[in-house]
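Here come two complexes built around chain A, the first alongside chain B, the second alongside chain C.
Here is the complex of A and B:
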């Protein structure tokens, strides 16, 4: 048997998604020695790639897009409505949101576009537009409020994955709210048989020499007069360094943006890759492995072939997709065995975690579902709480989707929560008691 | 009068009768409040069994049922699949008691007698298996079993059986309206004169006239009858099935639930089905959902012989309402042991026929009987029934999947699924690829759904809503819950049916809602992870923001 390699750090981050990465980078920036353990890519790598902080819950359905509140104000409003939401639980610390978003933008500089005062309205393959606080550079030009001229939705000839005509017709409805006129075109990039390729296969095809340029040239040839920007399927490469979006736009001679993705999400894959690159650049040691049956910070813990000792931990293990919360008859938190709460309206409680699935869900699919927003209960300093509401362990913080009370699908706060809580938890873990 | 007969209900009895009536030259209108098979029919176990349980009391019932099973094989050979069942010999005691042995012997004799009928339905004779043979066939069974007898039965895709009967009726001139409910049966001077209906999608209301109305609305019929001044006595019973991802047995396994009721686990496509519960149900038939108790009851029962089931990923729980005859009255003919035909004359509704009960397995014979009655009510001369001779759409010249896969750019397993669902029509579907190669896109790798199949169903199989494709080609019913297929399928259907972008999204939301209702009681383990994914992927489609 090989004896495990021993590593000592000040901060151990468990989880390599958005929350864990931001926590590790924030702790690192505060000067701590940081080790990050992660098992695999989680929800972050499957997300559309745009960062939802919070849609304004008080926005009126037909109101002009320009009237939308900035992320902080929208988050404050959501916090007022939803006392179990992390934004509400954080209290005054919610005000750090702009700092956290700026920090994330810096950390992921080449990938993310700088934030604006207002959300960007980005189009999806369903023909809807969703507000995003941050997005990738490859998505920014599609902001409905930023297009100077007409927005052209370009479908790939020979591929059914994107119904350009439907998306364009649907986006046209945003004109009344200040969106651009929209058109659909079909482009044939001459890349051979594409019809049966899946999104990642298309993305890989476009990374090949000349392919992105061919697509760009085909777009240029198909452009109607007055076009201000072009939207394409979210398949512009798998690796950020392949620079597919830039190459396509260069050859097209016009701003080109990707639609937001569903699953599998190529922008999500690129986001995950950018996170890994940022960790490496910042000097965070990344360990491949899983933490299980841990007792908490302080004691050495095995992860893969490494044994890690750190006095402070940030648990950023995600929700069900990430593996931070699991259900096998009852809801549990596998890494440390912390109590899981399922919120039911205002009645949040750990005792609900053992309830049958049907009684933790509502009959209407759309809307909050206690089962799907289950997670750890934390205090304003992001310390997980035990069943009696006291901090569960000394030196332990939690961030991201493992924290309960929110769910991107029902409240639009996914990566935004991950960035804010990751930022706060990382700093708190790096400077115990300091600055608080 | 507009029609000779109006049929209410698009279950197997409504569609089967519509077909028979249309084939015998009647002018038929069929109204289905939702889609073909959504009631008991599609949510049944789908077993075309031969009535083994009447063997001791009414041998000729068994003979009739077996012969009819044979007919169904003749008219829809592609849609049937053989399910050999194993009936393991269990014993509570360490060594088998004399009583156990006697019970096993009795089972063997019983099943052996059924063998006499098996040739009628092209079934195989039963076999006695030693313990060693049993475990070789079914290694997942719990230890300690003493052997088994086999029992050969047939299964069918009941949703498609209903759709095919409906399509055949349409081809013979019947008019079919789905998503259109009969609101009231109209009567005048002691006779029915028609039906008032409402189209749920367009809101259109209207009246259709006919001298005969056949009420085949299953568990809904007491309420409809009451609204129309008649009565249909019945005892509705709720039955729940579970679908498990992957196969937990190679064969069907008959076992006992905790309360001694008979249950089964059977392989179906790449899944296992566990069924069923049976409890009285007095709620709203539009509101049936499986409960946690029912799920646990089924898992425990199945795990008693197949312990692996305890770790299974349950992908959905689905329910139907049996329409059990209220009290067994005197029956004129033997087949009606399982069904009754009520004549509305007693309520001043002459010309109204209401069906109670009526198994899926004997739908064809029931439909024949009902059609005979309808002809009599209309005062027509008898016309011979041909529903046992003429194949259902696709039931003739069923192609060899391997040959199809060689001739077209599709993988063999996809071709096999196509042939299973569409029989001879699989050729037409694959011809779509010649005009538009993009339709070769595999929308769902779990269920083997081609874009071309979606287009074909929308064009030719009376699809009005996206969720109808759950029943035509298993769209979004598998373990993936629509993750990959739902959006593109919605776009394809929308293009064919001229939906606006808002309609496409509304239909997509409705499809996902239907899946959510079946998964809500079982969300656990990997299926809960999948739910998070599906919700995340579709959030932007119907987000309130």
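Here is the complex of A and C:
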């Protein structure tokens, strides 16, 4: 039996996705000694790689894209409509959103593009456009409002992962709202048999010397007159230091951007890697392993062969993918056994297996889905609440998707909530006593 | 009419005497043996406790494909590599009879266990692949030789 290595810290962050990383960085910036425990990449690595903060719930379907509100105003409007949403639960602290976004942009500066006042409208591989408050540098030129001229969707000849004609035809719909005219072209970059390459294999192949330049030259040869920017499949490299987007754009002589990705998402993998690099740069100790025997802040907790003791914890364990909320008969929070709420304030602590599935999911596609927004109930300081509505433990905060009330994977606020709650929880945990 | 009467009496003999007697004295084996004879050839063998444990562990897979980043499948032909190892999960979870379709991918696994640390939901991928691989290769027919 190997005796565990004992580590003492002021703040322990459980979870290494967007929320956990931002919390650890914020606590570190506030001067605390921070340890972060992570098991594996989570839902952040499965994201499109861009950061949606809040779709404006009052925006009309035909409204010009240019009329879009900034993230804070859109989040305020969302909070007014949805009292269970973390943006509403946070109350006045929602006003820290611009600071939190600026903090995240600074922490991830090599990867993320500087934000604008308004959201960028970025195209997905299905030909829809979604508002993103933050995006990667490789995605920024695809902003439908920033394209000067026509937008060209370039498919790779033989690559089965992207239907450029479908994307271009679908993006034409946004023309009436101020989007650019859109065309599809097919380019043959001479990269060999692409049809059966998995996304990460294609990304790695483009990192090789000459490959990105060949793709850029092929794009240049295929460009129609009046082109303002080119959209390509989200496979422009895995390591930002390989500078694949820059090399492709340089050889193409035009701005080149990636589409937003479906899973497995290479931009999502890059985002996760950037979070890990930021943790290393900030001096946060990262412990790999699943946590065991957690009883609460102040008591030692085991993760792999390490035993960590910290007076204040930030729980950023994610939702169903990350394992922060588990469905085992009932919805449970496995780390500390905290009560879980489903949407609309309804307790989910009944036997789900004995209930018709329809009771936690709605038939309406756009309506609320209690199952998908299940998570911890928190107060305005992000302290998880027990069954009687009081803070469950001294020095305990929660951040990200483990906090209930938002459908983090589908309502367009997932990473925005992760950044805001991570920022607030990390700062609160760094202060002695956890108070303000 | 003689032909008809003859035919009916033959049928009566078969139905009332010969068939019941044969059923009575035929050696049919146990229910398990009969089940195996009928279904194992189609890949639908009985579920062992180990199968069940593996199935439960694999049920946490959300088919996100993140494990693919740590999986080279270098020995596989492109068509198999494109399917990826998690094709085995998808095929097997739909029906045990689909497992032979993933045999080529399972066979190409180098056993490096690079996948385990990449799984967001904590599926013990390497252990499951080892089990499925043994199952797929054991149940496979010997290769058909042509010419």
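Criterion: the second predicted complex is superposed on the first by the 408 of 436 C-alpha atoms of A that agree within 3 Å, B and C clash if a C-alpha of one lies under 4 Å from a C-alpha of the other, contacts with A are read in each partner's own complex, and residues count from 1 in each chain.
The rule is short, and it goes like this: a contact is a pair of C-beta atoms (placed from the backbone, for glycine too) under 8 Å apart; a residue touches a chain by one contact, two chains touch by 3 or more.
Since we're looking at a predicted model, the values are computed, not measured.
Peer 1: Report clash or fit for the pair chain B and chain C bound to chain A in the combined superposed model.
Peer 2: Chain B/chain C on chain A - steric clash.
Peer 1: Touch check for A:130: first (chain B), second (chain C), both, or neither?
Peer 2: So A:130 only meets chain B here.
Peer 1: Of the two partner chains, chain B (first) and chain C (second), which one does A:269 touch, if any: first, second, both, or neither?
Peer 2: Only chain C; A:269 stays clear of chain B.
Peer 1: If we overlay the two complexes on their shared chain A, which of chain B and chain C does A:142 touch? Say first, second, both or neither.
Peer 2: Neither partner.
Peer 1: Touching A:384 in the superposition: chain B (first), chain C (second), both, neither?
Peer 2: Neither partner.
Peer 1: Would you sort A:359 into first (chain B), second (chain C), both or neither based on which partner it touches?
Peer 2: In the superposed model, A:359 contacts chain B only, not chain C.
Peer 1: Considering only touches as defined above, state whether A:200 meets chain B (first), chain C (second), both or neither.
Peer 2: Second partner only, chain C.
Peer 1: I'd like to know which partner A:45 touches here: chain B for first, chain C for second, both or neither.
Peer 2: second
Peer 1: Applying the document's definition of touch, where does A:297 land relative to chain B and chain C: first, second, both, or neither?
Peer 2: In the superposition, A:297 contacts neither chain B nor chain C.
Peer 1: Quick one: classify A:86 as touching chain B (first), chain C (second), both or neither.
Peer 2: neither
Peer 1: Just to be sure I follow: which residues of chain A are touched by chain B in one complex and then by chain C in the other one?
Peer 2: Residues common to the chain A contacts of chain C and of chain B are 43, 46, 193, 195-196, 263, 321, listed in rising order.
Peer 1: Under the touch definition given earlier, write down the residues of chain B that touch chain A in their complex.
Peer 2: 289, 291-292, 437-442, 451, 483-484, 487-488, 491-492, 494-495, 500-502, 504-505, 508-509, 512-513, 516-517, 520-525, 528-529, 531-533, 535-545
Peer 1: Which of the residues in chain A end up touching chain C in this complex?
Peer 2: Touching chain C from chain A are residues 39-43, 45-46, 193, 195-198, 200-201, 263-264, 269, 288, 290, 321-323.
Peer 1: Sort out for me which residues of chain C touch chain A in the complex.
Peer 2: Those in contact with chain A are residues 62, 64-66, 68-69, 78-79, 81-82, 84, 117-122.
Peer 1: Inside the complex, what are the residues of chain A that reach chain B?
Peer 2: Chain A residues touching chain B: 43, 46-48, 55-57, 59, 124-128, 130-131, 158-161, 163, 166-167, 169-170, 173, 193, 195-196, 260, 262-263, 319-321, 326-329, 356-359, 361, 363-367, 371-372, 407-410, 412, 414.
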